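Chain naming follows the written order as A, B, C, D, E and F, and within any one chain the residues start at number 1.
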Amino acid sequence: MRPSGRTPSELRSVRITPNCNKYAEGSCLIEMGDTKVICTASADFRIPSWMTESGKGWVTAEYGMLPRATGTRNDREAAKGKQSGRTQEIQRLIGRSLRAAVDLSKLGPMTLKIDCDVIQADGGTRCASITGAYVALALAVAKLQKEGRFEENPLSAQVAALSVGIYNGTPVCDLDYIEDSHCGTDMNVVMTNQGGFVELQGTAEGRVFTRQELNQLLDLAENGFSQLFEYQRSAIEEGKAANE
Amino acid sequence: MRPSGRTPSELRSVRITPNCNKYAEGSCLIEMGDTKVICTASADFRIPSWMTESGKGWVTAEYGMLPRATGTRNDREAAKGKQSGRTQEIQRLIGRSLRAAVDLSKLGPMTLKIDCDVIQADGGTRCASITGAYVALALAVAKLQKEGRFEENPLSAQVAALSVGIYNGTPVCDLDYIEDSHCGTDMNVVMTNQGGFVELQGTAEGRVFTRQELNQLLDLAENGFSQLFEYQRSAIEEGKAANE
Amino acid sequence: MRPSGRTPSELRSVRITPNCNKYAEGSCLIEMGDTKVICTASADFRIPSWMTESGKGWVTAEYGMLPRATGTRNDREAAKGKQSGRTQEIQRLIGRSLRAAVDLSKLGPMTLKIDCDVIQADGGTRCASITGAYVALALAVAKLQKEGRFEENPLSAQVAALSVGIYNGTPVCDLDYIEDSHCGTDMNVVMTNQGGFVELQGTAEGRVFTRQELNQLLDLAENGFSQLFEYQRSAIEEGKAANE
Amino acid sequence: MRPSGRTPSELRSVRITPNCNKYAEGSCLIEMGDTKVICTASADFRIPSWMTESGKGWVTAEYGMLPRATGTRNDREAAKGKQSGRTQEIQRLIGRSLRAAVDLSKLGPMTLKIDCDVIQADGGTRCASITGAYVALALAVAKLQKEGRFEENPLSAQVAALSVGIYNGTPVCDLDYIEDSHCGTDMNVVMTNQGGFVELQGTAEGRVFTRQELNQLLDLAENGFSQLFEYQRSAIEEGKAANE
Amino acid sequence: MRPSGRTPSELRSVRITPNCNKYAEGSCLIEMGDTKVICTASADFRIPSWMTESGKGWVTAEYGMLPRATGTRNDREAAKGKQSGRTQEIQRLIGRSLRAAVDLSKLGPMTLKIDCDVIQADGGTRCASITGAYVALALAVAKLQKEGRFEENPLSAQVAALSVGIYNGTPVCDLDYIEDSHCGTDMNVVMTNQGGFVELQGTAEGRVFTRQELNQLLDLAENGFSQLFEYQRSAIEEGKAANE
Amino acid sequence: MRPSGRTPSELRSVRITPNCNKYAEGSCLIEMGDTKVICTASADFRIPSWMTESGKGWVTAEYGMLPRATGTRNDREAAKGKQSGRTQEIQRLIGRSLRAAVDLSKLGPMTLKIDCDVIQADGGTRCASITGAYVALALAVAKLQKEGRFEENPLSAQVAALSVGIYNGTPVCDLDYIEDSHCGTDMNVVMTNQGGFVELQGTAEGRVFTRQELNQLLDLAENGFSQLFEYQRSAIEEGKAANE
């Protein structure tokens, strides 16, 4: 049995509140159970110097966590003077995932910077960040398109992420913190709504996992994605409507 | 006339939502108009090494701003690898202000760390941080006292902060961003509910200010404080009741 | 009684030696009792990138302290790899204070960089730095004007700083280290010779201060400023004469 | 066709030279084609402070690349003052992979630090690092066991890593740099010789990958691992024999 | 007697393997006994900004040591976030030494960056680095000259380095680690094949040295240099031949 | 002819003012012409952790330069966040030089920290720093000995430093900035008053130097040292007398 009483394939309650920030080109607050992340998308009409001659735009992401987002307070990265390896790994993952949903050549000379800041963490913050980041990105793209910044819509797909793992020998999806910290195997899956994998990051924690378990985990993930894509679409529609 | 249509002595709408974080010993979300700050108080049962022999506790604060809290995105301090002078100045001010409300010898060997993270900024973030930080601190003290951590209540007063300034020649209180950026003089006032000043930081921006203007600004501030203290008391009561 | 035997309104012995550095456009050594600060003003014929289009110049300041300027040696900031919050706060204060004395649009495309380096500290180093920095600045402006760098004199006023505080219940001015470290309230006042405040930074240390005490402190400060402005004028004249 | 003329399942020529460093407890030079990595294992008879009470030991890894290991010179990380996100991500992966092969409770109070330094890079440096790091680790464990440091052998399995990817639409294994930089999907697989996965990191580059492609890639990887484990065993035997 | 059984004037076995790196414009592995250094020379067709108007090129060097190059593991400088004073001192010395062998005005707008990375250290790493760096530099210059990058050969001399010292009261040359760590005086000598000194860095360790001892040490050094220059010439010829 | 009109063996005017700092255990201001350095010696009754078991004390030095000590302002190292390679090289040299004058086993568990801060630079700052540092050290030792901190005087010799070089083909001593920047060879010599060398750092700048030139430079240096030792003795006597 899962500590939360959920069935193995049951997501936590998902809530995506669009336009939570009045300045950003796009934004949302995503809540997966008690995990809460503010995602903003900011347009910067410059591109990194190494892209100058490509004619393409760029999408990049940064990730942070408030010091008391977790059960015990973590030192503030700005005060320590550097981002941890974990933070860098996560923000690189978010950036790569989002770029899989964007045709950079249609962006034009522009960088879209996505900030994912975890207000409260209860497991699965990197997956919630990706799922919310896509909503912020889509709202920003919609706003910039209304302003005539693009000739064609640069979004080529919807992208979302979900964690799965083996808890007490049973494959389960959308792990919360208690499950995550006792999990034999932990896998983050990033998919598009067109059915392919963008990223697959599986880690054995404590014991290795077999090919069969991998398949069970992927089955479970695919099932959850249809719900996530629906939550995203609904939040994007709501956010766009409010911006009319 | 003020851009917001407020009268000179009128505060923005104030909302303090206690217990916004499920882990922190005390927390609140404070909103002063469109300025929004998450304040958490975390107990750490260690004290700084230079205090080891004092028998006292310590209260300290850190301040941060999400990159897109403002109209144009600011680089993330964790990514830049250092906190700006402005950030350090503000968090030192918050810490000093809170310590004026606490009898450190009654805290015992404990550090209370207050984090003020600006989710959205529209002027007056340092004052909102202090006012909210006190609420988070008071809720944390209440919780720790219920756990029997103190013999006597270490809180000696309520502390809050308010900005005042001269906008278009008129002294006004609780400046929003538009006012702040066109302000001739800007003053942050920190007071206790017992009527004394804790901090007074006045800065001429563009032109110097006279003794008479100083007095007008302080009159205006004192008027606003009675409301702030009331908002704090009400949020603390609400937060305590929810924790029963 | 004050430890030094001074009356409440009595300044320490003040000595400002102009042209203490043979390279700087302007310089002085300021001594307020045993507090000694070397102030230099350096002209850099570039301006910060964010000012490029303003047509204005800029004035900025940096502050440092030799490791053994104090009773016990402090670690060298260059060796620690960062400037403390206190250092940054002070150098921002010095810069703001000086800019209140300069019409930046008359400077032209030039940055004046003021360095205040404390050789020996006995309280009041930030105030001595501001008072000395103005002298270095004025000598640099005089030299640059002789070279034909400005059409009009960019100095609009004289600026100086003085600390006041409540020591053993009595308001006193120009606190030395012993007074400062036992002081109930500590206030740094920056004024121009035209009678207005540039900065007012009052901090309760140990107990809050009242409106009445504030007024007593400001009365005391205003009295001391007339002497400081006179010391500055005399040093500037001496320095200019030596440069003929 | 692959640029190197290899068949899809063909590894590059593999050479593991044990004991390449005269000081380290264990070491090897691993060459996968033109990719060359020096791996050393160093015993430190201390453990991280957060493990003090666990009674367990620890295994950790660091990764670096000489500036001219690649076609164009990269800035030296020591000179830049920080390790890139990529470096941190890789060294965290190496550490996790090795810990899957070690029973930390049998290590006792000891940290084994593995350094993987890339002398020349031609694709697949993280996989070569893991495969070589295991050899260095095994040689160090053998040496320490001969010295009587452990009651039981702390190694529980052999661990190695291999990259696979889809090049020009064809799944291939052990990608070299040219393949890697034109690859549609890139996957790093870490396995033990007992048949389970330790890590699986698949990244779509340019286009997403399907469940079927994933299965093809894993089939290809499993085939290559049997050869890698044999190379490791042979090098470990050679290294141990030389240490008799 | 020397621990290695060498006579006072006897060098350790010297081996210089050219072209050890397939990407660098020039490279070698130099071994002086158990001291092993990889030296690469990389051409960067930019010059430092402060040289832009000089019309000259630049030669610079960086130095590093693998963490386990020594008997006990040293922390990785990239992980510590800064290069030690020792590292910086050595790389400045290498750069100055090489520039003594190059006519920068014949280089044209180009920076040659030499990297010396110590794979294994047994004393004399800075001298081995200089001697090997010259070989890498000469091979790079030969390659660039074949490409028509220079009108005239920018190399004006051969440069090499050798350590000498007083061990147990006897002047000896090419100190290994055991000798170095028990040495009364330690001197690094850099010379050209035209007979002059480029650098002379003598340090008394434990006891001062006399003018007479200095002369004995320099006699000893000069004798060793003729062998070093011969090793360099031979390696350069071998490396050039292989590049035909 | 030298720009200053001095003869080749003529020192600049030397002035050593003892006790220039009221807090330091020992201090002086040393002036060599227009080069001015404040030297302080601070006692810290702790020793570095790596010396804990040695029973010995330690002597170390730090070096800094005020930003406008030179003709054009240098960026402040504390603001840049790191000490340059030059600074580190110099402070390591000062430390080694002083330790040659101290019997560390007689110091007991104490670190003497010498700070050399260049107030104004006109060539030869590292040599002036060493010569002045010895005076500060000797005054600190005298003070600590009067307090009964040592059983025996830990000073074993007097140490000083002097620069020599070849200017326009002529060997000269005590180079000022103009000479230094046009110098063919530059050598810093550190000696004790017992006639031996502590450090010898010769650098060819522009052209190599011969054995004969080296001898001329050393002859010149030895001549100057007798004067320097006399200046030191006189300042130490004056300083001690003032401390009676």
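Keep in mind that, in the parts below, a contact is a pair of C-beta atoms (placed from the backbone, for glycine too) under 8 Å apart; a residue touches a chain by one contact, two chains touch by 3 or more.
Keep in mind the model is a prediction, meaning the values are calculated, not measured.
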(request) Moving only to chains each one touches, count the minimum steps from chain B until you reach chain C. (result) 1
(message) If you apply the touch rule, which chains end up adjacent to both chain C and chain E?
(response) F
(request) Over half of the contact pairs shared by residue number: find the pair among D-E, C-F or E-F that meets that against B-C. (result) E-F
(request) Determine whether chain C and chain F, two copies of the same sequence, contact each other through the same residue numbers or different ones, counting it as same when over half of the numbers at the interface appear on both sides. (result) same
(request) Just give me the whole-number Å value for how far the CA centre of chain B lies from that of chain D. (result) 51
(request) With chain centres taken as the means of their Cα atoms, state the distance from chain A to chain B in Å. (result) 32
(message) Centroid of chain A to centroid of chain F, CA atoms only: how many Å?
(response) 59
(request) Hunt down the residues of chain C that sit against at least two other chains at once, touch-wise. (result) 81-82
(request) Could you list the chains in ring order, beginning with chain C and heading to chain F next? (result) C, F, E, D, A, B
(request) Would you mind writing out the residues of chain B in touch with chain A in their complex? (result) 21-24, 27, 34, 38, 40, 42, 44, 62, 64, 66-73, 76-79, 81-83, 87, 113, 115, 117, 119-120
(request) In the complex, go through chain A and note every residue touching chain D. (result) 82, 85-86, 88-89, 91-92, 96, 100, 187, 191-192, 194-204, 207-211, 214, 218
